[in-house]
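First chain written, first letter: the chains are A, B, C, D and E, and each begins at residue 1.
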Amino acid sequence: MHTVPWLTIMLIVPAAGAVVVAALPRRLSTLAKQLTLGLSLAVLVLAVLATAAYNPDKAGFQFAQSYDWIKTFGISYSVGADGISLVLILLAALLVPVVVLASWDEAGADGGTTGATDPTGAAAVGAAAVGVDGAGVDGAGVDGAGVDGAGTRSRRSVPAFFALLLALEAGMIGVFAATDVFLFYVFFEAMLIPMYFLIGSYGPVREQAQRSYAAVKFLLYSLFGGLLMLAAVIGLYVVSADNLGSGTFDFATLRQMDITPGVQKLLFLGFFLAFAIKAPLFPFHTWLPDAGAQSPTGGAVLLVGVLDKVGTFGLIRYCIPLFPDAADYFAPLVLGLAVIGIFYGALLAIGQRDMKRLVAYTSLAHFGFIALGTFAFTSQAGSGAVLYMVNHGLSTGLLFMVVGFLVARRGTRDVGAYGGLARVTPVLAGVFLVAGLSSLALPGTNSFVSEFLVLVGTFTRNRPLAIVATTGIVLAAIYILYLYQRTMTGPVVHEENKVLVDLSLREKLVVAPMVALIVALGVYPKPLLDIITPTVTATYADIGKSDPAPTHSVAAESGGHS
Amino acid sequence: MITPPSIEYSSLSPILIVFGVALVGVLVDAFATKRARRTFQPILAGAGFVAALVAVAVLHGRQAILASGALAIDAPTLFMQGTILVFALLSVLLVAERQLDSSGGAIVASAAITPGSKGSTAQQTSADVQTEAYPLMVFSVTGMMLFVASNNLLVMFVALEILSLPLYLLAGLARRRRLLSQEAAMKYFLLGAFSSAFFLYGVAFAYGFAGSVELGAVADAVSNAGANDTYLYLSLALLAVGLFFKIGAVPFHSWTPDVYQGSPTPVTAFMAAGTKVAAFGALLRVFYVAFGGLRWDWRPILWTIAILTMVVGAVLALTQRDIKRMLAYSAIAHAGFLLVGLAGTNTDGLRGSMFYLVTYGFTTIAAFAVVSLVRTGDGEAGDLSQWRGLGRTSPLLAGTFSFLLLALAGIPLTSGFTGKFAVFQAAIAGDATPLVVVALVCSAIAAFFYVRVIVLMFFSEPLAEGPVVVTRPTLTFAAVAIGTVATLVLGVAPQPLLDLATTAATSGFVR
Amino acid sequence: MNPANYLILSALLFTIGTVGVLVRRNAIVVFMSVELMLNAVNLTLVTFSRIHGTLDGQIMAFFVMVVAAAEVVIGLAIILSIFRTRRSASVDDVNLLKY
Amino acid sequence: MLSNYVPILVLLVIAALFAVGSVAAGALIGPRRFNRAKIDAYECGIEPSPAPAGPQRFPVKYYNTAMLFIVFDIEIIFLFPWAVAFDSLAVFGLGAMALFMATIFVAYAYEWRRGGLEWD
Amino acid sequence: MSATPSTLVWAAAADPDLHAFADDPFWLILLKAVAVFAFLLLMTLFAIVFERKVVAKMQQRVGPNRHGPRGWLQSLADGAKLMLKEDLIPVLADKPIFILAPIVSAVPAFLAFAVIPFGPEVSIFGERTTLQLADLPVSVLYLLAAASLGVYGLILSGWSSGSTYPLLGSLRSAAQIISYEVAMGLAFVAVFIYAGTLSTSGIVAGQSGRWYIVLVPSFVLYCISMVGETNRTPFDLPEAEGELVGGFHTEYSSIKFAFFFLAEYINMVTVSAIATTLFLGGWQPPPIPGLSGLNSGWVPLIWFVLKLLAFLFFFIWLRGTLPRLRYDQFMSFGWKVLIPVGLVWVLAVATFRVYQKHVDDRTPWLVGFGVVVGILLIVALIDPGGARHQRELEEAEQRKLAEAPSLDRIPWPPPPQAAGRGRPAVSAGASANGSSTVIPADPGPRQER
């Protein structure tokens, strides 16, 4: 099978790009931006091409490549894509150029949340100013003059920011593409570092303590989870060595193994905890609001939009096929956590005054739905969950972005500082509304399809739970509409808000594809579902979970809702 | 009539070369002028290490018991000798650095001048160097190489002393902060002598038990032990105390932070990397060869020590304010991780430990080298608060250091991760899963203090009167570069080294 | 005479040395305690040599003496240098290195 | 073997008895005429200093000599048995000892050239 | 350590059959012990008078001639007089040690003589026995040990006196004795190589054909170092009246004072006896044709005493002839001449011995090695010009160091605005933090001065 090594190319392009961009001197920051945008667009093109080349009817991984890496431990560089990973790769490839464009000025301007006095700060290239000491931060600035020994902080490096974005993209693609458990783990951990620096270095300038706190919290949570997973990964290797004679990390080989249930449970827990922290599921979520609030806008979009999907992705890709018995055993627990998460996230979101935290909490609720769908063990629910991953990336990503625009204009994340913006900035308000509606899964938006699938799928397996979860939708409506009402509708309360400018062209460019996709996928999700469903069905079939209602064919189900 | 034993000088050539270089170094110190010494000594030492490295490579594959059973040359020995030599080479680069501190480097101009007396401060800027540091280092390397090769507990003891005694002196040779340095030397000496007395008592009991101190003979005696096992267990315990001291395992770790902090930083790097390899080499040999038959008896103790070491190392590192002290506690924690590999008590454990030693050594040497670059008016910027905001002012240095710290924390794509993976895999394969879980928790704790430094460097505002990053020192840069590249390469493509370690481990210790 | 008695004696000496190291505060005394420990080991070695009827133990004692001598040389040098700085050899005064 | 030491013990007893006896006898027989000046430290007739040179004031040189002595004495410890068994060891012995002595020589040369053997 | 090296040491040493000594009945042992003791006392009494008389002759004087026949009881009279003198103990003295010191000094002096062979086997009251109190496989080690014990007496006496001169004297004597002990040990090695044993009787037996005096350098080395060991002129620095007012025994009086002399003279006799035993064939007659028959029965005792007397005369002769050395000359001589010569000589003897006994292909290599070592030695140790140059260099540097301005802390790199600012004296290194510079780090290259 010699095809184009799509995945490897998609890995190399951003990774190499990251190195190149990082090496650029600061004064070439414009070039860095352009280069990053170009590269990420290239990746997007590649991803689309790969999707086109993908054959949904073929079982197993496609575009697969495998080379020995560390032979001693049976580790190989193996990449491949199935339906689940492909759509997520697509999502990542889509979001990165969007984020790049959205962050065009943010990195150089010391983060979007400062400069409250300058309403045009975010929009005007090269004219942003930093409040406290007024040090010049224009793109053509003096090289190396940022240090004068008088306590001035130096300007943040623009190329470094974009290099980190590219590195993050490489990590994200790698983590989805890996078909070697070890390789997956490596990407899983390696992704942390650029994200960590994005939060810690490029978060809100004024809140230095909080953002480094958030960064460290993020890193430590993830590291801790990662280390648990490492133990499980090593355990898996040792088990495979016992079972197969020589240890391996190859996913396809590993899923053939029969592991004794006791061991399965331990290994499952190792993986599950890591993914639950990453996703995050209910009791492991506390890092998310901090990280979400303290990330730069682009970082937050990628963090919640893609990075956290690694957790849910891991659940369906690794936890369930590798440890079916354990997955069965722990399913009630996971489902319980998922439902708690739906309510808990929604309730907290309602009570938030910090917009970014609010959005982060809504994500918690959405992840609850995803987990619910994953562990319902029906192909509808599973497909719905995977689709939900994509949709959530789009809707929450857009939400974060819009909130980011707002914050950049106004300099505060406090809900109370806004109000009546629909009159001042109608386009912005409109986009906000679309994002919000998508987030609350209004029919016609993308999320509706996935949420519906999840609930229906769950219903066939576990009726009460599905019913309880459904009420979560109501809460979603509350927090979104409440937020919209407080910020966009009504009279303009604050004087400062009257001078806010509407979306610039660049910003419109940023949100346009997102809005388009939200609507398009809400109307016609079939292409994605076609890719997703066979894989999900195969996954569940592999562990002996056929759908409980044989009268419903999967195709009919998915087709029916499209 | 006595038949004279034969000594296969060729098989000993690495040790003999290094030893010869040490002697020549002493002669150079005796006869050359100060200026000549300063230039010639590092070249000599470096050339010696390279030559010995070549000899090790040539001996590759040899397996023999030498000198009437006193020494053993086998694959693990050669592997560790090679490792020691490489680390020594890197350390020599650091010691030879003369661009750091006015014109003198890290080694004191004249150790004999009493701190605080007339001339004691002038010597901080003096171009002089106590060039004895080089021969001392080479002697120490001799001891280390002998230590990992010794097949006889008495020879092991002698080697232990050969490696330790020069280090005691080296610890006292720091150019800046003489008092701290002297103090470090004294503490190291007293505790080191104390522990070697324990080791020796263990040797005596091994002799009492087995009637011989050759490891093979002890192993034979262990296999049909019975009558006198009191001696056996006493021996095992006492030997372990001596060895655990050298690797800095808890509860025998108390010297580590003091000595690491007070010693000249290049020496600290040398100690951290070299001594650890040597001590672990000896530990592995003693436990695998001599007491292999007793593994069910010593495993629980090893577990306890390993857990203690990891926990104490990781937790106490959290409280440190001094960068070198923090790295010292991290060294303790790493000793614990190494012990986890040993607890596997299998071939994988041997391989994992050896691999880990290599990875850790490169990283730690580079880390200490970076520490030596950040300076204030009175020497290195030891206090962590002085590192504030360094990521803004010197991104390259801070980035490198962050990378090294992440490697120490065990993030994937660094050598620290592959190393940890290797030892943990061995431990799980050897039914030591709980130990691995503890190790992972400790890794997480440890990650916290590494990350804290990164936070400090990147997410804090630089100090108004911050430290200076020295930009001229070529040799230190070289050492940092080599260490960092090795850290990266061993993280990304560890297979060649793993192959080497596998070969060494599977061919095993000769007995 | 029962050789075990010598072992007991040497263990006693070793213990005294250990306690000395742990309890005494004067560096020189600590050092002498270490030397006492080494000599206790020598006694053990010679006793075992007698018990086994081989001379290895005695030879080892020689080696130990050599090492002890080397230790003395280095230890005295270090302690003297500290002593010259501080006019005191008390371990308690040597306390710059702390947490 | 140990019986070989009995005569030495006997001689020791005789010598010790003689020495202790003589000292005791000397103390008993000798006259006692107290005079403050007699029991002062002797310093060539001048008023003795209140605190004579204490044990802490040795010139460092003496330590140096002591250390050197230890080193060489150790060497001799090894030379004696080597010499006794020399004929059996032959070439091997010569080679080994030459190595050993070369080592000591190096140290010795260093000590010499660095002024460790100078007295002033 | 396997069995090989252990036999390595002991096989040869255990060779001589020493059972004869263990078989003596106790009365015989007692008798011999008393005899040795008496011999030493007599020799002391004799040697003192002998010395005075000989020196007197050398100086054209008469010497003691009042007490006893021709003054031969002079030293006995001296002893009796000292016994009757007041026994002073200084106030500052450490009393128990002060009293113990002379005893410690004298007793080991007696002990050393226990292993000296006076003659071959004889019959005493029907018992066959050797004219030697005891012999051990390690006699010479014992000799050295006993001889070294005496130095404790000197050290303790100086230490406990609580007075400056004795302290310095005792230190000097200790340094002196240990310095020359090394040379002495080296002198023995060649003998052992030839004798193959450490037993004194074995060594004497080994000289039946040829005395070890043929090892001339060893002999000379020993002769010199034995003078140093016994603190005799020209090496009598510890007691240098001119410098130290008598040295370690300044504060002693009465019989204690006498004991130091007793020890010194016994030591003189002892080292002479050792020299006799190791180098002059012990009790064996001179290798002159015709005398070879006179080496059995009691006759050899005479040879032994004659040789001993010859050595005593040598001691006295030296005293009569040579002035006292300066201390640094003395130490230099010991460390820079005797020891290297001894080492090289040992190697030379060993090489020669190997050459003699095991000629094979490798021997030329070894000879070559010996030559190389010799040359190295010469290059290394002679080369005074280089040494002086070196010393001058170092002195210059020291001076520079000492004269350098006393900067208590050298800020580095130079703080731009703090360059002129003086800092309070903080002992170097004491402060762990507190940077003094204000130059911030910078991404661009920065040159330190």
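Here, a residue touches a chain if its C-beta (ideal position, glycine included) is under 8 Å from a C-beta of that chain, and two chains touch if they have at least 3 such contacts.
Heads up on the chains, UniProt names are A = NADH dehydrogenase subunit M; B = NADH-quinone oxidoreductase subunit N; C = NADH-quinone oxidoreductase subunit K; D = NADH-quinone oxidoreductase subunit A; E = NADH-quinone oxidoreductase subunit H.
Source: prediction; values computed, not measured.
Novice: Determine the shortest chain-contact distance, in steps, between chain C and chain D.
Specialist: Minimal hop count between chain C and chain D: 1.
Novice: In terms of CA centroid distance, which chain is the most far removed from chain C?
Specialist: A
Novice: Relative to chain D, which chain has the most distant C-alpha mean position?
Specialist: Looking at centroid distances, A is the chain farthest away.
Novice: Measuring from the mean of all protein Cα atoms shown, which chain centre lies nearest?
Specialist: Taking the mean of all protein C-alpha atoms as reference, the closest chain is B.
Novice: Busiest chain-chain interface by contact pairs, anyone?
Specialist: More C-beta pairs are in contact between D-E than between any other chains.
Novice: What whole-Å value do you get for the distance between chain A (NADH dehydrogenase subunit M) and chain C if each is reduced to the mean of its CA atoms?
Specialist: Here chain A (NADH dehydrogenase subunit M) and chain C have centroids separated by 64 Å.
Novice: Taking each chain's centre as its mean C-alpha position, how far apart are chain B and chain E in Å?
Specialist: Each chain's C-alpha centroid was found; their separation is 44 Å.
Novice: How big is the gap, in whole Å, between where the Cα atoms of chain B centre and where those of chain D centre?
Specialist: About 40 Å separates the centre of chain B from that of chain D.
Novice: At least two partner chains per residue is the criterion; list those residues in chain A (NADH dehydrogenase subunit M).
Specialist: Those would be 147, 149.
Novice: If you look at chain E, which of its residues touch at least two other chains?
Specialist: 1-2, 5, 7-9, 11, 380, 390, 394, 430, 432, 438-443
Novice: Identify all positions of chain C at which a residue touches two or more other chains, and write them in rising order.
Specialist: Only 54, 56, 60, 77, 96 qualify.
Novice: What part of chain E is in contact with chain D in the complex they form?
Specialist: 8-9, 11-13, 18, 21-22, 24, 26, 29-30, 32-34, 36-37, 82-92, 99, 102-103, 106-107, 110-111, 113-115, 133-137, 140-142, 159, 161-165, 167-168, 171, 174-175, 178-179, 181-182, 185-186, 188-190, 192-193, 195-198, 245, 250-251, 254-256, 259, 327-328, 331-332, 335-336, 339-340, 343, 346-347, 350-351, 353-354, 357-358, 360, 362-363, 366, 369-370, 373, 376-377, 380-381, 387, 390-391, 394
Novice: Would you tell me which residues of chain D are touching chain E in their complex?
Specialist: Contact set of chain D toward chain E: 1, 3-8, 10-12, 14-16, 18-20, 22-23, 25-27, 29-33, 38-44, 48-49, 52-53, 55, 58, 62, 65-66, 68-69, 72-73, 76, 79-81, 83-91, 93-95, 97-98, 101-102, 104-105, 108-109, 112-113, 115, 117-120.
Novice: Quick one: in the complex, what on chain D touches chain B?
Specialist: Touching chain B from chain D are residues 85, 88-93, 96, 102-103, 106-107, 109-110, 112-114.
Novice: Mind listing the chain D positions that touch chain C in their complex?
Specialist: It comes out as residues 60, 63, 67, 70-71, 73-74, 77-78.
Novice: Taking the complex as given, what residues does chain B use to touch chain D?
Specialist: Answer in residue numbers: 1-7, 23, 26-27, 29-31.
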